[in-house]
Structures are given as C-alpha cells and as structure tokens.
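Structures incoming, each one as structure tokens.
In what follows, chain A forms one complex with chain B and a second complex with chain C.
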Partner chain A sequence: MSKNGTVEQRYLPEISRKEMDELKNTVKIASQKIIADNIERMKRADPHRPEAMKYFDDIANLFGRRQQEIQAEKEKGKKVIGYMCLFAPTELILAADAIPVRVNSGWYDTSKLGDRVVPVEVCPVIRSTIGAKMIELSPFLEQSDALISVLTCDGMTKLSEILSDQQTIWGMNVPRIKDSTQSLRFWSDEIKHMKTQIESFTGNKITRKNLNEAITQSHRATKAFRRLQNLRRTNPVIMGRDAMLVNQAYTWDDTKRWTEKTELLCDELEKRAQQKDWVCSPDTPRVMITGTPMFWPDNWKLPTLVEEGNPQGIIVADEQCSGERILNDPIGVDEWSMDDMLNAISERYLMASTCPCFTSKNGNEDRINWLINKAKEWNVQGVVYYVVRGCMLYAMEYSRVKKALDKINVPVYYLDTEYTREDVGQLKTRVEAFMELLNARVDF
Partner chain B sequence: MSTTQEEFWRWHEYHHIMPNIKPADKDIITAGVDVGSVGSKAAVMVNGQAYSWGITRTGSNSPESAKKALNFALKDTDVDIGNIKYIVGTGYGRVNVPMANKAITEIACHAKGANFIWGPSVRTVLDVGGQDIKAIKIDETGRVVSFLMNDKCAAGTGRGMEVFADLLQVPIEEIGAMSLKVEKEPEPVSCTCVAFAKTEAIGLLRKGWSKEKVLAAYTRAMAVRMANLINRVNLEPELVVTGGQSKNVGIVSRIETILGVKCLPTPNWREGGLDPMAAGAFGAALLAKALYEKEQKIGE
Partner chain C sequence: MAGELIGNILILIVLAGLGAAGVISVIIWKKNRVARVTFLRFVIQAVGLAALFFLFSLEPSIPLLYVLIAWFAVMLFLGRFFCGWVCPFAFIMDIESVIRKALKIRYRLLPERLNTALHKGRYLILAVFLLLPIALWLIDPPPNTASAVMMARLLAGPFRPYSIIIDPLIPLVVPWTGQIVLGDINLSYPYISDIVTFIDTTPGQIFAVVFVVVTLIGAFLIRRVWCRFCPAGASIAAINKFKAFKGVPLLYIEKDEEKCTKCGVCKRVCPVQVPEVYEQKGGKIGTSQCMLCARCVEMCPYEDALKIKLANKPVFKSRNWLEPSINDE
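Take a look at the complex of A and B:
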C-alpha cells in the first residue's frame, strides 16, 4: 500500500499533504452544514417529529459518534470491512466479529475532484468516491481495513481497481444472468471464498454458532425494517425522508442498536396511526422513487423537492439499493448447518437482488415485479425514476419500467441530474409539475 | 461601442385590451402572471374570458418584473389590481410573484393556456421559453398527462435566438422569415450550444455564407432538437407551439417539416389574436378562476 508514498500509484494523482488537508477541511465543513441543513428541513416538515428520530439525526452525522465508535473498536483490534454494493454478505463480516460499513460517496464536491482521475462522463457516484479517497474525506472508507468490491456495473468494476492504489480490495464476481443454476453455483463459490478471506484476514473463524447469531441478528433487523416500511403503507405517519434516513443509516450503524432504535420508532409510529395523527394530509400524492442510489448527505435533493414542493408529495416507498432494498429480504435458512446457511446467504444476495446489472430470459423481471407490487400495495400514485448522468444500467431500463407502470396506470417521471446543486431550480419546476399532474387527478 | 447601436435582440413589449368586454362588479376577475427568464407576461380574465394582457421583458428582479407585467396588462383598462379576485403566479420566478395567491408551474399553465387558445383538440404542446424547452402532453381539458424538459441550457431556446439576432444584426422578429429565404436548406450547425454555435456561425460567415444561410443552419439545428423532444414525449396531434418562439416562423415551419405534421396556426398578436407567448399567463388566469371558485365553494 502506498499511504507512505513509496509505491507508485496507478490511478490516483499525487497530492501534497497540505493541499489534501485544505481540501478535506473545506469539504468536511460544507458537508457538516449540509447534514445539519437536511435535518433541520426534515424537522420543519414534521413539527412533532417522532422522538426516536433524534437518535438517527445523531447517527446521520458521518463525522460524529459512529466514526468515533468505530475508531475505538479498531483500537481494540477489531477489523473494519467496507463494501460498495449490497451484494457484500455482511453476515459473514459480523460472524467474524468485524464491522461492516458501506462506503459509497454521497458528496457532490468530491465528484469534482474525481474528475482529475476519470472523465466527467463517468457516473458521479464513482467520481465522488474517488474524490473522497483522494482527500481522505470519508470516515468509513478511511477506517476500512479491506473493501469488498462487487463487480456489478462498469463504474463499480473500475472503481475497485482505482481504489486498489490505496486499499486492500476483495473483488467479487457477480454473474449477470440470475436465473440459471450455474450462476448460483458460481456465486456460492464466491461467497465461500469470501468466508475464507474474511476468516484469514480477521483471524477469526466463522463457526456455525457465530454465523447463526449473525444471521439471526440480520433477521431481527429485517423484521424492524419491514415493520417500518409497512407503516408507510397506509395514511402517512412518517415523512419519506425520515424513513429513508433510517433505512440508509443501517449501512453504517451498529446492527443491534439500529434494530432496537428502529423498533422504538415503529412503536411511536404505531401510536400515531392509532390516533390518526397523520404527518401530512392523506390526500398528499404518494410517491415512489426508483433508480440510482441516493447516498447521504448531498443526495437529499430530490426527496427534499418532493416533500417541500408546492404542491407537496410524500415518499412512501422506494426501489433503491440505498433504501428499501437494503434489508427487504430475509435470509431463508432451513437447517442452520454451515452449508445450509452459506447456501441461504448465496441465494439471498443473488436471487433477491433487483439490481439492473442483471439480465435473464425475461429481462430483469424481479425489478419490474417489485415496482408493480409496491405501487399496488403501497397505493403509489406516481413514480420518480431518478438517474444521475453516467448511470447507464438504470437509464437503459427506464423504457421497460415505464411500459410496465403504464399498464397499471401509474405515471412515472424520468428525472436526470448530476452531483451538483446548480440544477435545483430547474428540478423544482419538474418535480412540482409532476406533483401537480398527480394532484390534478383530484384537483381543478 | 456607440450608444445608439440598435438592439437587435429586443422584441416588442406590448399590451392589448379585448374590445367588447366591460367588467362589472359581479364578474370573476382573475389574473395570471408568468415570470419567465426572458419575458414576463400577465393576463387578466373576466369570467374566464381573456380581457387584457401585457408582455414585457424580465428584469433582474422577479417581484418587480411581475408587478411591471401585471400593471402593463391593466394599463388603460377598467380593472384595478384590487378588483382581481385571485392571482396565480407561474414561470421561472413563480415563487417571487408578490401579489399571487398561489404558484403553479409553467408546465400546468402552458397546458391549460394552449387548451384555451386553440381548444380541446390540442394534445401536444411545445413550449419554447427563454431558457428551456418543454414538450407537454395534455388531455381534452388541458390537463397535463406527461411532460419532458430539456437540460438547463440556452441551447435551442429564445435566449439563443437573441444572441443570434445580435450576432447577425437582424431584428429578432425578422429572424424566422429571413431563415426561410434560402434556396436549399443547409446542414444544421453541429452544436446548438449557444457559445459553440456562435463560434461556428462566425466561421460560416467568414467562409462567405449569407446571413440567411447561417440563420437557416442554426434554426434547423434548434428545430431538430425540439422535434426530438416532441418525439420523446410521444407526439400526438394536434400539435401547437407556445412561448416566445411560437412567433418564429422559421422554427415552426421546420418542426412541421421534420415531424411531418402541421401545427395549429399561431394567432396573429398584431391583430389582437391570443398570443401563445402569453399562454402560460392565460393558463394561470384560468386556473386562478378554478381555484377561486373552489375556495368559494369551501367557504359556503
């Protein structure tokens, strides 16, 4: 590794410590302001916001409590294993007594730094992660002792190569055709190999007992997660942004504590539902978001525009790997033998994924089914299809999704943007016009 | 630079009052104020009928531009701002219309306005504004069914045309007709980005191209861009063009050629026709009436 500058970097430019510190400081200060502003606006949207959200507001500070906790654990000898795609089997990391944390970058400012390494045509999520690495901005990326990089889209594939200039990377090959037995066999081998890798890296054996515990823990998290999404099914008791923050916080928080806090939040929300204490008028258009992941904190642009819009909308569901896809599907274990658990993990991570990197006989049918079921069961009135420029796979699946949603008479709006704040004014017009369109089904 | 230099980009600011309408106390008088990036438009309606309108240039201050446009529309009329029951603000500066009761996007307003100007047969509206272009699908009542908007960029918009008017020293209102005075349509300029197109145009002029030919090449490129947007939203006749560029015959006729459909004709504003440049303001004034009536109903 070249942290000391002795090894030549294949991709990343040499930046002087001084420049790096200056840049890091500037972006960090800006980012803390954005985090505070996002939360302030979320509070304003719901004057008597659930008490339990306080915890998540705190954990939302990427440079705060959680960073310090992880640091303390590291000092006691724990390993941190970062990951970029949801395909990384976090249960294996937990079973080996290591800390899993997601490291994709949501900073707009660092995407401009990434431009020094890759052209602007490249997906900004990737450019931003590269930029964050260049100035060592991301606490969780910097704390990661190793990174699991799953080769899903082109961006992720090359990102892992670029990051390997400075970090230990474990690539995982994900088969692009989902519904074939050889794919599952191949993927199972990748999972088993990852288990060995994690074991030798951490020095901790993954036993039947600790894997059982890790899976059980993840089951509990899924249960809490699903409980929260179910509470968004009827008249609104929680703003979409609050739920989205809770969902995403799972990827950097402590699993056990996150589960407890989410259950507490749900208790509160259930009471609200009983008292018919709605967070906004039940007539508010119900919106689902799909497309490119929206990483905290800067990518709150769209949800904020929807929920602060005139007319206002409320986000009741999403189909994003930064949102509801995180914990939606439990690991289906039957016998709790090592083999069975590993197979169950393989199946869960491959078969349940609706990532557009897949294709199959029927195309990415699972994603279409998710969207249609969600739209129906969550009573979704309109879908915003969110794509950042350079995000090829999501952009390419749009026309199919549109046709499928047209069939069930749910309007969908394609919203393309970039890692920038400059287009907020124009996006506001687009989002509000879409909300008006959804409203017009009742109004005027 | 001489101070008397002609401003070729400058288009007509005007106001118009419909004859034969005499607003009375019992009438529902509403207004729509559309503050665009280049033009500010205001329309006053009496019981949902167009009564007067005014079209002015947007200044650096949205609230001021809104006031200016509305006062212009009210000039020499029998209506005072206090007689107006409900005002809807729309356009780029819609949140900065101080006298508005409500803000509605220009997309919904142009849809409604197109339905008002041309009637229920309109299904596709192309709104070419100062800074963006929008393709809007509407139903027979003027409701938005779907829409698309170009990137935030002056490429292929009214502002781009103004730049060209200045560059070629041709009054903007003559640009359209002039661009059609070519024997053979030249290849479109390769880039509609105003900055690059300008450079390209200068090059073509140096090569000896006539102003007409350069204008044809630029207008063609803009029309191609607009036609693409219309196709992406799934064109369904009748098609109409609103916004400032609806007056540019060079744009409208080229869109017709490219798409193989006729647009419904643009009413002649010089003869007091309902001006599609003010479609957003008309739509806003109509929606204002609907909102006012809804409010009254709730109040009863």
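Take a look at the complex of A and C:
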C-alpha cells in the first residue's frame, strides 16, 4: 500500500525528504537525550537500583537494541504487526510467528507536527503518532508491516484512517457495550476474522499447537507481571517508575526474554524485601495513577514529578493501558481446542478490559471496581487522575471515579496536562501540594 | 471358583486404581492449579460410586426409600452438591467430556433461552413424573383399594416417584438389575427399567435404545446435558428455589464484587451454562441451576474473587492459577 507516490495521500501533507530528514534527526537526537535523562533520573532516585533493571534501561532505548533486532528478524522474513490499542490479540500474532509491537507515540515534539493535520483539540497521543508518522520517527511504526487498529475512542478511529495513507491498516470494530451476548458474538467474529487475516498476511497457519504455545507464553508473562505487582504491595522495594517502565517494555520487547528478565528482577526484589532494603521510607505516601496512557519516553513527567517531588510519593499501582492493564488478565482457557482458545481470547480482550470507551448496564463499573480493589489491596493513599487535554473519555469518567473513591476515603487529584514540557514547573507545585496533603493525612 | 478369583482380582484392580488416583491427585494438586478441583471431583465421583455400590449391595439391603429420605435431609443443606460431585450418571457424562477433550472435539452450547427453558421445564418434568403413578392408578384402579396397597402402588409402580429421583443411581450401583440382557450380562442405564416396564415390549425397547443413544451422544457433544433438565436435580433444587429457604443452603458460591473484572471466564467454563455467577454483581450467588462443581472458582484468574463457602467459612477460593502451587502456605 505504501508504495511512495502511488497512493494519494488523503490526510498527510507532502513533506520534502530533506525537511523530513532534518526534523527526524532533530527530534531523534532530542528524544535519545530524553531517554538517557529519564533513565539517569531513575537511577538517581534509587541509588542502588536493582541490577536487573540494566536490561530494561537498555531495551528502553527505542532507537537501540530492539530496533536492530526487529530489523534483523524482518530481514529473515518475519513480519512485524503493530497495534495501537491493547485489544489487538497479540497471542494470534505470536502464534503466526510474527512480532507484535505497540506503536503509540509518546513524543512531545511530534505532537506539534500533528497539529498540521488535525486540530489542536485532538488528544495529543493521536497528534503525536501522526507527527511521528509524518517524519518517520518511530522505529516500530516504520517497521510494522501492518497495523491493527481497534476503533476504541474517537481519536483511534480517525488515527487509523489517517495512517492508512501510508500503511496497511486492519480495523477491528469493538462493541461499546461489553456485557451482552451479542457484543461478545460480534467481537468473537472480529477475532476470528483477524486470525484469518494474520494467517494470510504472514503465510503461517495458526495451528492449535502454535496458539497453545503463544497463550502459555502470555500466561508466563502475566505470572511474572503479577509477581512484580505483588512485590509492590508491601513496603516499597522498587520505584514506581521502574516498574512502570518494565510493564511498558513488554509492548515492544520479545515476550520470552521479557518474562525471563522480569523474573530475574523479581528474584532480586524478593531478596531485598527480606533484607528490608526499602527504596524509600515506608511512610512515603503510596500513590496510584489512573487515566490517559503515558507512553515512554517523553510522557514520563508525572511519575517523575511524583517520585522526585518534595515531599516524595511512590507509585505502587496504576490503571492505565500503558501500565498494568497490558498484562493483568490472563487468558482463561477451559479446553485447549481451537474454538475454546479463540473464545477465551475474545473474552479476555473484550470483557476483562477497563477501557473507558465501554459502557454497560452499570456504566463502566469494572474500572471503578478495579480502582477500589487496587486502592484497598495495595494500600493506596492517594490517586492521581491523569488526563491529557482532549482525552474526553477519561475526563468524563472522573466524577464517577471521584465519588466512588471518596466513599472509601481515598483522595483523588485531577491533573490535566498536555504533551508539552512547558507546564512542568506548574505541575510540580500541584503534585507537591497533593503529596503534602497525603503526608498530612498519614500523620493524623 | 473362577468367578470368585475374577472378583478378587477386580477388587484389587479397583483398589490399585483408587490408589493411583490418589497419587495422581496429589501431583495434580501440586502442579496444576487449573485442573486440581476437576480431578479431585473425578476421584470423589469414583469413590462415591464405590461407596454407593457398597451401600446397595449390603446384606440385608437398605430400602431405597430410606436412602432417599437421608439423601433429601442432606441435600436440604448442600443443594446440588450431589449433582456436581457424586451423581454416577454425571460421572458418565464427565468421562465422556474427557474423551471428547482428548479427541479435541469442541463442545456445543445450548442456546441460552433453551437452557433456561429446560431449567424451568425440569420442574414440569418432575411434576409429571410424580403425578404419573396417580394417573395410572386412576386409569386402571387396582382391585384392592386398601390404603397400604395403594401406597405401595404409588411408590413401587413404574415411574414411581422415588425412582425418578434415585433412578440414575440404580443401574450404576446395582447393575445386576438391568433390563437389557446381552449374553449373560445385564446392561443398565438410568430410567430404562421404567421405560421397559411401562411401555409394551417392542416399542418400549426401541424407545429405550433411542433414549440411551440420544443421551450418550448428547452428553458427548454438550457438557452435562442431562443435568439441565434432570428431574432428580430439580427435586433437590426445588428446596433452594423458594425464598423462604434462602438461608438453608450451607454450601454456596460467593462473589466479591470489587475483585471481579467481569472477564467472563466463569460463564464460559460452566458445564451447565449458569449465567448467574457472571451476571450477579456480588455476594451469595442464588441459583438453583448451579451444581457447585467449582469449575468457575477453579478457573477464576483473580485471587479471592470467587469463593465456595460452607457455613460462612470459605472452603475453596479462586486463586492466581498462573503460579505453580508449590509455594502455597
């Protein structure tokens, strides 16, 4: 599809190669600096950071090792299938011997470029991804042979249309009411259709055995993830940012290797927990983040502010599709027949999701339950409700979340921001004020 | 002499089998969290079958009526626990499911509406069967109308009330009473003796054969198909059905609303397609369809979201089945 010049570009502006390269280089250099800076700050926050985090620091460099690996695999004939929402069935991609990789963009600079195509009111995640496409910045977006786009929020719906100027897009229609039989039937059909599409695209048949292996693999990953999450339940042994980075790295890393390394990290953390080697004082306010996804590398300002603020807080849990939601739910396969595995996959992706694009008889109650449960089980003392401007669905659910959390006496702070570095100073004041409040509550 | 030897060898084989099942259940219990309860259920079903067999072959034999009364007394508190864990007919269906799984044939689902209709319809089936002896008596009044004889007729005739309830057991635990004789061996199957006694020989036999084939194939393709309209199950569930008895069942499933993410696993794995565990928001799951087989609790991927409680004490909780259970406790 993306034979240059053969397809009329309906959305994206024509940019000369020279301008594109210039822009790309500038943003890339800036971004690499930011990645290094973020990791440096994470190291500083925890002077004896776990040894196992070294691997994740390495993999966190989007322009580094993983990009070359994927390139090498591509040259061997493997296909790369990108996805934008977590609803994309990665197990099917793995079973077809392709590489799943998430392509949402977290670059601040490219969101300014996206303004040329869509108005500034649009969610910056969308604008940033468009911008990254315009200057071919994102390594994974460029490497993807096809993109699975799930039509969840308005932004994602149109984003897939805009990107289809240059890339093969497979849309998946997601029903907005998730707890009805007809929705599930519809979604199962979408999953089955996606299976045939992936099969014909990659040329590899998804057999029962392959799918079984892929599901078992994702079970292992979930197991490692849950282990890490459980370690965050008690006194802090790992900084929230580190754990968030580990979680997010799953979306572009090799699944098997990620699982191994995360298990290693957990081994190390368990030892620390035994030695009572905390990363910060156990009295530090425990914070949960919910709301708009935060994508590495640029959009890391809120966790940084929380954990480097004065007074300091520590992030112990989150409810974000860039964080815990990636791996929280395992695929519950009853019988390992093809049919049941596909049913299990469609149920896991649709029904277990807490994305605010859904509603049901009782509204998006699953999300409320998730937050309440996490707040109780992880001893959360305060919730930061993070919304970027233009993210309507999350913004509109705030009142309900606040009411629900007020009932269990957990303060919520609504923090709205943009894909920009300009408001860091102002945010710092706001976040620190909230931490002050949490500290005061602990004292009483 | 030879028969006795074979009998002794058979007993040894059964004992060895039970021993092996014990060892395997320990292994499965340790290694595989997703199969442990299912396997334990198989063991209990097999042991239950052996126990029932022993009970019915005692000399002097226990009248079935007493068994029935004792059974009802227990079921009053345990609900359909019997169906899920002991019933020998269900055991046959479970074994068929295992064979189906091994052959990688997928199961079929009954349409939801038909399923609910069957669940409601089984009370009707039960009522018809309970009233049948009276109808028969009205059509063909017995010559002797002494009340004792009438009573006997009501209780011991074809489709006698308690046979409806206890019949699935008889052919399995006392197979020597079977109606279909093949060579020297009595083949027996639930309800067949009633059908054959009740209907004239040839149509009765044809009907009996059709009945056996249909239920066997049905149970092969649809999990626990008989349980959905089993009048015996209805007779147990009827007690739980009335609101006045809501506090009576001591064994029930409880759901934690906050821990549930409504991922739908419980609904899909349920062998009798009970929707309530998924649909109800939380608390005590009130349904007369559930057989307490604990498959949903076993498969629920969220810790403590589903529990089976016996007299307010949790006996089995859903847990993170991704972990091998060696690190337990």
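Note that the second predicted complex is superposed on the first by the 438 of 444 C-alpha atoms of A that agree within 3 Å, B and C clash if a C-alpha of one lies under 4 Å from a C-alpha of the other, contacts with A are read in each partner's own complex, and residues count from 1 in each chain.
Throughout what follows, a contact is a pair of C-beta atoms (placed from the backbone, for glycine too) under 8 Å apart; a residue touches a chain by one contact, two chains touch by 3 or more.
Computed from a predicted structure; not experimentally measured.
J.: Putting chain B and chain C onto chain A via the overlay, clash or fit?
T.: Here the two partners, once superposed via chain A, fit next to each other without clashing.
J.: Which angle, in steps of 10°, is spanned at chain A by chain B and chain C when each chain is reduced to its C-alpha centre?
T.: Here the answer is 120 degrees.
J.: On the A-aligned overlay, A:K223 touches which partner chain: chain B = first, chain C = second, or both, or neither?
T.: second
J.: May I ask you to decide whether A:N310 touches chain B, chain C, both, or neither, giving the answer as first, second, both or neither?
T.: Touch partner of A:N310: chain B, not chain C.
J.: With both complexes superposed on chain A, which partner does A:E347 reach: first (chain B), second (chain C), both or neither?
T.: second
J.: For A:D339, decide between first (touching chain B), second (touching chain C), both and neither.
T.: In the superposition, A:D339 touches chain C alone.
J.: Hey, is it chain B or chain C that touches more of chain A?
T.: Higher number of touched chain A residues: C.
J.: Look at A:E436 in the shared chain and tell me whether it touches chain B only, chain C only, both, or neither; answer first, second, both or neither.
T.: first
J.: Using the touch definition from the top, say if A:D366 reaches chain B (first), chain C (second), both or neither.
T.: second
J.: Chain B to chain C: minimum CA distance in the overlay, Å?
T.: After superposing on chain A, chain B and chain C come no closer than 26 Å at C-alpha.
J.: Over in the complex, which chain A residues touch chain B? Could you list them?
T.: It is residues 310, 411, 413-414, 422-423, 425-426, 429-430, 432-433, 436-437, 440, 444 of chain A that touch chain B.
J.: Can you list the residues on chain A that touch chain C in the complex?
T.: 178-179, 181, 184, 208, 219-220, 222-223, 226, 328-330, 332, 334-340, 343-344, 347-348, 351-352, 354, 362, 365-366, 369-370, 372-373, 376
J.: Quick check on the complex: what are the chain B residues that touch chain A?
T.: Counting only chain B, the residues touching chain A are 92, 95, 103-108, 132, 143-149, 152, 287, 290.
J.: Give the list of chain C residues in touch with chain A in this complex.
T.: 101, 104-107, 112, 257-265, 268-269, 281, 299-301, 320-323
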